[in-house]
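The structure appears below as structure tokens.
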Amino acid sequence: MNPLVRFFKVKLYTALFLLVLMLVIGVLGFRVISDYSWIDALYMTVITITTVGYGEVQPLDANAKLFTIFLILSSVVVLGYAITVITEYILSKNNFEEQKQR
Amino acid sequence: MNPLVRFFKVKLYTALFLLVLMLVIGVLGFRVISDYSWIDALYMTVITITTVGYGEVQPLDANAKLFTIFLILSSVVVLGYAITVITEYILSKNNFEEQKQR
Amino acid sequence: MNPLVRFFKVKLYTALFLLVLMLVIGVLGFRVISDYSWIDALYMTVITITTVGYGEVQPLDANAKLFTIFLILSSVVVLGYAITVITEYILSKNNFEEQKQR
Amino acid sequence: MNPLVRFFKVKLYTALFLLVLMLVIGVLGFRVISDYSWIDALYMTVITITTVGYGEVQPLDANAKLFTIFLILSSVVVLGYAITVITEYILSKNNFEEQKQR
């Protein structure tokens, strides 16, 4: 396999792993801190990470708000990393095709 | 027609088709699972896919929450694909103009 | 002035004009269709176009929901156009600097 | 240090500084204008700037709505600047690697 492609695969899998990790942290967090059911905890985590944000499934106390702030800010960083990796991959694929055309 | 442009047109129409498909799946899903009216189902689907997310038009039970999670995650993948295709198109058009200038 | 820069300035001003137009359409629409106050209509329009989406300032009837769907979908297209124009501008500036370095 | 890298570091730190400034302005604003607690003011600011937007923590009067409109629009501009700087950095790094490969 092309070493450049392998290099990006590692970075893409890292980004994907971090996104799944955020999902797991979110679900466990809302389970433990706010006593949400499994489905509510997953629902709350998905609408938070994707910024859909319909509203809190059940009211959050101060601790749950601090956890949610941490989850949102971490997700923004992880999503930013994922988008950067995908952009770099598109650019390097584009370079490769540009050089083939010459 | 330029084969490169035709190639991107196919990809752009695929992305557009998938977005319309998500819209149709969303409307039918909220109709069937949550008994929303046609307008409410369309409204809920549009505010979900675009991540505006004012709030659930009517409360969702566990099944409707699972459907909404599926709709949100699928939409993120389809939107990501659409943005990737548009970025590749802008880049290859940019390459083309760059080479003309030399 | 560089003709390339002038070309992008026209496109950027078009995008900015369309964004302000969406803002005006949103404010007038929520004023007329939902009898919102000026501040509520502006607030609702801003949280809609930016997809913050706290929630409807006051409940929307079927007509107001259809108008909101139209406002959201138009804004997505206008924002997509704005982002495309800015990306093209960054790329052509980047080409220009790349060629100077050679 | 490479002057190009130093140039982008200055821009990236500026973007980061402006984001933190928006956070501080948001927290102080919701404290003073809407009498939010520190945690609520931070929570409201984070869900606003990241466009998660679950909903207003407590109802906002006309002045608080105007402040929120200002916070949202400023954040969009700052986020747009941050994304532009990161894109320019990825592109110039990509140019550099492309030229090494020749």
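The letters A, B, C and D name the chains in turn, as written, and every chain counts its residues from 1.
To be clear about the criterion, contacts are C-beta pairs under 8 Å (C-beta built on N, C-alpha and C of every residue); 3 or more make two chains touch, one makes a residue touch a chain.
Bear in mind the structure is a predicted one, so any value in this text is a computation, not a measurement.
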(message) As a teaching exercise, work out the groups of chains that remain connected by touching when subunit B is ignored.
(response) one piece
(request) Determine whether subunit A and subunit D, two copies of the same sequence, contact each other through the same residue numbers or different ones, counting it as same when over half of the numbers at the interface appear on both sides. (result) different
(request) Any chance you could check whether A-C or A-B wins on number of contacting C-beta pairs? (result) A-B
(message) So the centre of each chain is just the mean of its C-alpha atoms; given that, what is the distance between subunit A and subunit B in Å?
(response) 18
(request) Could you give the separation in Å between the centres of subunit A and subunit C, each centre being the mean of its C-alpha atoms? (result) 26
(message) Show the residues in subunit C shared as contacts by 2 or more other chains, in ascending order.
(response) 51, 53-55, 87, 91
(message) Is the chain-to-chain touch network here best called a line, a ring, a star, complete, or other?
(response) complete
(request) Provide the residue numbers of subunit C that touch subunit D in the complex, in ascending order. (result) 39-40, 42-43, 46-47, 50-55, 86-87, 90-91, 94, 97-98, 101
(message) Quick check: in the complex, which residue numbers of subunit C touch subunit B?
(response) 48, 51, 53-56, 62, 65-66, 68-69, 72-73, 76, 80, 84, 87-88, 91-92, 95
(request) In the complex, go through subunit C and note every residue touching subunit A. (result) 51, 53, 55
